[in-house]
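Structures given as structure tokens follow.
You will see two complexes here that share subunit A, one where it goes with subunit B and one where it goes with subunit C.
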Partner chain A sequence: MKADYRRVAYYPGCALEGTGHAYNQSTKAVGKALGLALDEVDDWNCCGAMEVKNVDPKIQTYLSSRVMSIAANQMKAAVVMAPCNGCYHNLKKAEYDLAHDPTSREVVERLSGKAGHAPYRAGTLETIHALDWIKMGVGEEELKRRVRNSLKGLKVANYYGCMYTRPRHIFPEKDQGPGTESTSKPHFMDDLLAAAGAQNVEFPLKTACCGGAHTLSDSDTSTRLVLNILRAAEAAGADVIATECPTCHSGLEMHQVRAEKVLGEKTTVRMLYFTQLLGIALGVSPRRLGVHENVSDGLALLREKGIA
Partner chain B sequence: MRPFDEIERDIGEAQTPQRLLALAEEVLECWIGARGVSPTGETVEGFRLLALHRQGARGVPSFNACRETCREVAYHYNLLTLRPDEERTHRLHMMRLLATHLALFVRGKLETDALGEFCCSARPLRLESPPSQEGARTQHG
Partner chain C sequence: MPIHEKTLIRPENLRTHDKLVVDGVDVSGHWSTFIESRVVRDYNEALQDEIAALPGGEHIHRCWQCGSCTNSCTVNAINPDFNPRYWIYLIRMGMESELLRDKDIIWQCVSCNKCTYACPRDVFPEGVMKATAHWLELKGHTPKSKSTIFDQVFTEQVVATGKIEEGRVIRDFFARTGQPLLQDWLVEMAKRVARRLPFKQGIAFALAALFRPRTRGWAKARAAIAEYVQEQEAHRRKALGLAARAEHEVGDGA
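This part shows the complex of A and B:
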């Protein structure tokens, strides 16, 4: 276990204040239930997401570095945790660029000077995902001991999306053998939910594209990609798709509705954030976990299974 | 290059792992061919599909978003051919879904390719700009 994961700087990112509000709520509730402390990064800003990256990648590097600068230089944190795959990816990418690209360092130093804060120096902060936070900060054994409401009988397809493991070079800590995360077949979410009693199904599309990038330019492609993921989860026997990214989660939920409306294709698998499932296993009320905020009606399923 | 509607229809109707693997290869041939390159006849780990993916991802990091889908297609092919009597209907259905996902992903990539990369390993449009423009754009004030 990593002791320094028990108190981390918390970077929720924009999505967790909007469509991913329930993810924010359930992440905090699970942290509290497990005795993990979160110190939200003061005056945090957008990580640059995909939009800024396409206009000017150095600005995206700066935006992410500002968040890391506040966490490292002002809050004196050693670890920052980002539950959103996009934020996590961008902070890791900024870390990589600042360590390997002199131009990125020059731009960040210049813009940090203009903005009036110290530049972030590569290597001073560790960026982790919410999955790392719970897996390495608490671990399966302690989690098992704390389970009050087993997820037994719930069949789960774990969906990680495409940004949690790609590109591989910005995640040097992954693929380092036993105990570390795999970029080709990630398992941290599987491990945690299994510890909470869930039955993970064999789901071959766990890192497949959900079409998030096409949502605005080509909604039909997104809908068909999501529909295919939902069908695969159902074919694998899943009751629930567990998610760990607000963009993937809302994409799966919204395109499930759209697939029925536009393509006449109905699927019944439900979507729940992994933090909502862990929270339920830990005895936190579904309302405190924001389950009622989900578009997909997970509560009815959990009640049907005798879990909530 | 056949229309994607036709390839997707064939994937939906395919009844053997050999046919599905060939259709998955055809999907990647479309991507590689559209980029003006001749699709490779080589194999990686015994699969031409994996060699085609490697070829298709060259210079396009975001194309790696379908790397595991290709590997899962190969894995299901192995399951179906090495243990032909074990869960054949289920595994064939899953292989069909995987090949369909690959086709949808590549089709989407072909449609948006001209707009630049938007995926996980985004390669921004501005990287293709001349160096002088790039420098100018990072001179903020």
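This part shows the complex of A and C:
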């Protein structure tokens, strides 16, 4: 277990103030239930997401570095936690670029100087995902002891998406043998939900793409990609797809509806954030976890299974 | 009976003759199909350098054509014409007119980075796809794709306020691409959520959409980024041999 994960700087990001509101709420609720503390980064800005990266990758690096500069230089934090795959990925990417690319360093120093704050220096902050935070801050054994409402009987397909594991060079701590995360077959979410009593199904599309980049600009492609994921989860016997990214989560939900309306393809698997599932196992009320904010009706399923 | 090999040749390059005798041998009809010989006259020797001058395209020269990118590609699995390996080949050979045959689908890369993960040469094919899509737009071969418009709407909001508000991004995107906001599937989705959302929370969400989230103390960062965007854009247009533009791309509608 890592002691310094028990109090971390928290970077929710834009999506968690919008469509991912329930992910924000459930992350905080699970942290509270497990005795993990979060200090939100002051005056944080957008990490740059994929959109700014497409316009100019160096601006994305600067935007992410500003968040890291505030966490490291002003808040004196050692660890920053981002629950959103996009934010997590971009902070990791900025860390990598600043450590390896002199041009990125020069641009960040220049823009930070003009913006009036200290530039972020590579190696001063550790960026982690909400999965790392719970897996290494608390661990399965303690989690098991704290489960009050086992997810027994719930069949879960764990969906990690693209940004959590790819490209591998920005995640030097992954693929380092037993106990570390795998980029080809990630398992941290599986481990946590298994500790909470859920039955993980063998799901081959853990890191498949939901087409989130073009969810509105090329909706037909996104719908086809999502439908493939939903069908594979159902074929694997899953009741629920557990998610760990607000873009993936809302993409799966949106295109589940779109597949039904536009293609006439109905699927019934429900989407829940892994933090919502953990929260329920820890005895937090579904309302506090924002389960009613999800588009797919997870609550009805949990009631049916006698879990909520 | 269909001949499989024929499907590998573009139909416009297939030649069959009703009556043709060559050296006393009758080569008429279906079984004696000829292929029009191809001659490429219009090599663009600057093509690889131009792609390499755009963000993401820097490492295209490393490619040794193993095809791992196309093999792992998410979009290729649903559209076999989407072929990053082939496009990289065409760019490196300078075969511009061949590349332009696929100009309307290159922007469809979903940035899943499976190619980048698989590439043994660190070409970063995902970046090459973005660079190529930008090149097509900058050179005027294609109009701005919906994806580029989305990126710009998004980036303008980030530069202006430090953050985005998703509802506003969606509204602006639909307005700028001339699509109705009330798509029936979006309406259906809103209905499903509204059914279960307590009244008070619905009001809170509606209010949140009215107030733009902002990062405090953003003004200096905004100015610094806007200046950098402008500088970079001028730099790229120069690398592609294009005339300088009076106003810059991002910020047009902010």
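Following the convention adopted for this analysis, the second predicted complex is superposed on the first by the 308 of 308 C-alpha atoms of A that agree within 3 Å, B and C clash if a C-alpha of one lies under 4 Å from a C-alpha of the other, contacts with A are read in each partner's own complex, and residues count from 1 in each chain.
Everything below uses one rule, namely that contacts are C-beta pairs under 8 Å (C-beta built on N, C-alpha and C of every residue); 3 or more make two chains touch, one makes a residue touch a chain.
Treat the numbers as computed from the prediction; the structure is a model and nothing was measured.
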Joint occupancy of subunit A by subunit B and subunit C, clash or fit: clash
Which superposed partner A:Lys261 touches (first subunit B, second subunit C, both, neither): second
Touching partner for A:Arg231 - first (subunit B), second (subunit C), both, neither: first
Partner, of subunit C and subunit B, that touches more residues belonging to subunit A: C
Partner chain(s) touched by A:Ala118 [first = subunit B, second = subunit C, both, neither]: neither
Partner chain in contact with A:Gly211 - subunit B first, subunit C second, else both or neither: both
Partner chain(s) touched by A:Val107 [first = subunit B, second = subunit C, both, neither]: both
Which superposed partner A:Pro167 touches (first subunit B, second subunit C, both, neither): both
Partner chain in contact with A:Asn54 - subunit B first, subunit C second, else both or neither: both
First, second, both or neither for A:Ala99, with subunit B first and subunit C second: neither
Among 9-17, 27-35, 99-107 or 171-179 on subunit C, the segment whose C-alpha atoms clash with subunit B after superposition: 99-107
Contact residues common to both interfaces of subunit A (with subunit B and with subunit C): 50, 54-59, 107, 111, 114, 162-163, 166-167, 208-209, 211, 213-214, 217-218, 221, 224-225
Subunit A-touching residues of subunit C, taken from the complex the two chains share: 55-56, 74-75, 78, 108-114, 116-117, 124, 127, 130, 145-152, 154-155, 158, 162-167, 170, 173-174, 184-186, 188-189, 192-193, 196-198, 201, 205, 208, 213, 215-218, 220-221, 223-225, 227-229, 232, 249-250
Parts of subunit A lying in touch with subunit B, wherever the complex brings them together: 50, 53-59, 89, 103, 107, 111, 114, 162-163, 166-167, 184-185, 204-209, 211, 213-214, 217-218, 221, 224-225, 228-229, 231-232, 235-236
Residues of subunit B defined as touching subunit A within the complex: 61, 64-69, 71-72, 75-76, 90, 93-94, 97-98, 100-101, 104-105, 107-108, 111-112, 115-122, 124-127, 137-138, 140-141
Complex contact set, residues of subunit A against subunit C: 14-15, 17-19, 21, 43-46, 48-52, 54-59, 62-63, 66, 107, 110-111, 114-116, 162-163, 165-168, 183, 208-209, 211-214, 216-218, 221, 224-225, 253-254, 257-258, 260-262, 292-295, 297, 299
